[in-house]
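Next come the structures, one after another.
Common to both upcoming complexes is chain A, partnered first by chain B, then by chain C.
Moving on to the complex of A and B:
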């Protein structure tokens, strides 16, 4: 039973192992104390972004949150422009703001999906465009300075850092959430919304809950991104959307809903980080731009194919 | 004219006096070079450099890393070509450079930070970056500095005290290009601004200068702004959309460089008379000028891709040679050229579809005698090894 539930993790786990071995050979410094600290720092925003979109994907209706990147960017620029530049830098206030702002956006998105009955992908696409513009209005160019304590996360030379604690806290939150009835309701709704409804599941509450969890993780991702770049960047978050979705799919979470978990998403994000560590260890010279993109794309396509083939539901023989 | 020069001198002097307290390296520059710092982007660091007495962690030949953030347009490709196909062989033969390691981060700061740290750990002596978020890489720069590695940003800047920068003064460039365009059409009219990438520092610096020039002409009106991403195809699409939805007469288009061919094609497709368009290095639009010499009287050089790369690379080698850069940012002015001279190198059968660049050449862009003014112990980088042995 357990092995069946964890079957979607074999591919991302295998991928991480293979890439990890390649990285250890090609770039052994990755596995030194400082190397791991740097890896944790750099990979954390993507890991948390992938985790954030997982509950929404599990909730079904093809729920891919395209707005996740600009949302993380929004929290990033507002921490710098609205809080830091006005002297509001206390860690508790900044943490509270980041999580509440991201949750508020997710509630808004959920409300549109539930009450206006817009498909999640359309609602989040509209959200992507709106936030992309809003971020540029708030901060027209990269700049500003993060609160000092947050900017200091960017050193990335200590493994036992706030970034590690945030990741551990995120895992703890998820594993507690997984043990609630609400999580089972979200899974059931994602697998078959009509059955869930007729079984008495409050699907409105379940969808709001999925988005609320996404908001918590998106807020944490924004904090890690702000710590990494030490500043505000109106466009940087945008790049996280496609990466997070790729990590999600690599991790075996079904975009059809009802299946998956953050362990897979985390492994998917780690695999994507390792792909670039390995690729960066080669010197492709003048064609590096094309080679990097080509190999990156090929590795992802291969991994996704393996993931899809190995996790596809088998039809029972007659 | 004299009044203008006098005013400029007063402004430069005032700027130098005003910043002397916090820019001890700037007042060491020859006056001619210091003039290029006029109206500099307020975020650009112009204090004394941290590398005045610095020596690298190893002897030559050095290993140089290029943590490129993007490779998707002709401008980047041209810079990379100059680095890997022209500069590297020459400096390798001179025994100064052992290898150049290139990475790509596809406009992803997190990835670029990872690659910079990885380059440091892999043993490079210097890292070149281009056009990035001015703050995001600062911690990676300091990580590199702590390991004895210098990070040099060309065609853009980083705000870290441990970073060095080399480029044109883009704010001044935006101002001069816009002013020249407004004057070209009689000091009044409707103008469209074609910017680079929204949110990119170089693009915003240019726009700041351009808008400053527009404010100086009360009858010049900015009727629209589009973003061409410094890519002809994007610029063409955006300008097409603007012209199709705005029947307003446009008297001139102020365009950031590396996309004016796309802007020109959009105007040609719209069926409107071709109004003056700022020219800054694209050979396609320059070809149109060669065939229509009355179109516009001048062109500019603001960020010639190969020459900007060479300016950065030359400065990196000089820094590794302990020549001691005086200031954090090596800034030069933009380069204005009459249209006849601008198109003189183009052949008669040139094409408006060309994706090549017209570049002034390093002898104009960063000649040795001017380069020497930015360093405490200047010498020709290619002859430095012979001199030290």
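Moving on to the complex of A and C:
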């Protein structure tokens, strides 16, 4: 059964392998010690953002959290404006704030979805618009200074850096979470909410739990983003929404719910980073940004269609 | 005796033949009514608080911007009615905008250039429909992917052999900019023809949707696919043609925006990514499919545009406007697109 459960990983794994080989040929400096350290630093916010939206997608109802990007941006600007400028820079306080703030937002979103009973995509769409505006009100243009210890992450010369530990901690949290009954409840709810409800699953608690996990990872993503840019940026986070969704879908997590995991999302995010590396090794000049866009689009369509072809026969047999 | 379910809940009560307000408030017209009331209230408040809000000039500019948003939201409404979403709209708008500017810079005659862009838009929409048919739950991601690819491809095409990226310079024919610029005139009257075009399109569409078999098929599919199949309505044909219309209207909007701005710019579509969805939702079309309609979206578009103009008049910037839009969506959806409690879905 293991091969069956991991079958959705073939596409992202293949993509990462092919792109990795291309990157090794075209841009060998990526795979040096310093290169890897830099890559880890740059890719960490996207990886964690993609991980964050995974439990929400698994929880079903077509749940894709559009507000994830502005949420990461919100935590980023508030760390700089509310904490750093008021002298609150102790690592424990900043970590606690980032995770609690992101969790609080996710709880609010979940409460709207559960109690007002509006579809998740509309709730997160409204959240996207609200936070996008709020971020610009808090900090109208990029600026400010991150706490010194956090800004120092941005050097990116050491592989064994706090960013690596955060990523490892995130994976550890996820794999522990996967062993809980709550995770199975979320998966069952995502696959078929009515069945879950009639089997006695507390679907309210399960949906809150999925959003809570998303909040933890979103907080960590915001810390990595703040470390990467060393300041506050009200718009940088917004672009993460579409990138994180792309990574999620490339990783084989179905937006229909009930299927997938963070391994796929991480591979998807790594594939997107590698596309960027490979393309910037070619000298496309003015059009390199457009090539990236074109390839992201084609990869998305391709990943969706491959998932369709590989899963269709099995559903028919079942 | 205890009832297994509370029979006084709205979801389980049998429909009654009550007349008057109670019946209107439970029908499909509820959205239209609430939207229209909101529109009137907004307009009144804005006219009192902002100097010159009700002036002919301001109303003209509101209607002009509403025409663009209205045309861009047309496809989104149709797609939402069958339970999908089309996120490629802003990218198709941006791509057709720069491609038309590029074609105006070549020796291709202007009408032919417009035709080429329109066909391209319809083709993209067709592709969206065909590719997403089997994965309808993920249609929004698929259309997003197609959108990325289209806008990337269009930019590569127009940038090759030019040193400017993202912007295309060329001469827009005067008759074409008259259609969509604020100073344009229609048969000597002081309003740009695009407003008239929007109204004409809206009337045709609403007539087609409500009075023809193929129009009603869209609601049948959105309401209940099994029932629609029993009526021999082809789900595939409806799905694909709806997306094709969406691609076509997005491309036309992109062309008209070129007439409005006078220069090709690929980012021109970006504000429409979520605003089209907001207009559809504020109007009262449920994203679950089967209810709502373009009439509701027109109200939604006008509400958003009057609100924008009001907020600008109050000195609020783009960021604050977005926040207000977001705050507006939640109560509107809570009013008429709530799904029933899970215990009533079994």
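Everything that follows uses one rule, which is that the second predicted complex is superposed on the first by the 294 of 318 C-alpha atoms of A that agree within 3 Å, B and C clash if a C-alpha of one lies under 4 Å from a C-alpha of the other, contacts with A are read in each partner's own complex, and residues count from 1 in each chain.
By our rule, contacts are C-beta pairs under 8 Å (C-beta built on N, C-alpha and C of every residue); 3 or more make two chains touch, one makes a residue touch a chain.
Remember, predicted model here, so these are calculated numbers, not experimental data.
After overlaying the two complexes on the shared chain, residue contacts for A:290 are found with chain B and with chain C alike.
In the superposition on chain A, A:200 makes contact with neither chain B nor chain C.
Shared-chain residue A:254: touches chain C; no touch with chain B.
When the shared chain is aligned, no partner comes close enough to touch A:87: not chain B, not chain C.
When both complexes are overlaid on chain A, the residue A:245 reaches chain C alone and has no touch with chain B. Of the two partner chains placed by the overlay, only chain B lies in contact with A:231; chain C stays clear of it. Once the two complexes are laid over each other on the shared chain, residue contacts for A:35 go to chain B alone; chain C is not touched. Using the contact criterion defined above for the overlaid structures, shared-chain residue A:280 touches chain B, although it does not reach chain C.
Once both structures are placed on chain A, chain A residues 136, 140, 286, 289-290, 292-293 are touched by chain B and, in the other complex, by chain C. Across the complex, chain C is touched by residues 62, 64, 112, 116-119, 121-123, 125-137, 140, 193-194, 197-198, 203, 242, 245-246, 249, 254-256, 286-287, 289-301, 304-305, 307-308, 312 of chain A. On the side of chain C, the complex with chain A involves touching residues 85, 131, 134-135, 137-138, 140-142, 144-153, 155-156, 159-160, 163-165, 274, 277-278, 281, 287-288, 317-327, 329-330, 333-334, 337-343, 345-346. By the touch criterion stated above, chain A contacts chain B in their complex at residues 27, 29-30, 35, 38-39, 42-43, 45-46, 136, 139-145, 151, 154-157, 225, 228-231, 233-236, 239, 243, 273, 276-277, 280-281, 283-286, 288-290, 292-293. Against chain A, the residues of chain B that register as touching in their complex are 43, 68, 70-72, 76-77, 80-81, 84-85, 99-104, 106-111, 113-115, 117-119, 121-122, 133-136, 138-139, 142-143, 197-201, 203-204.
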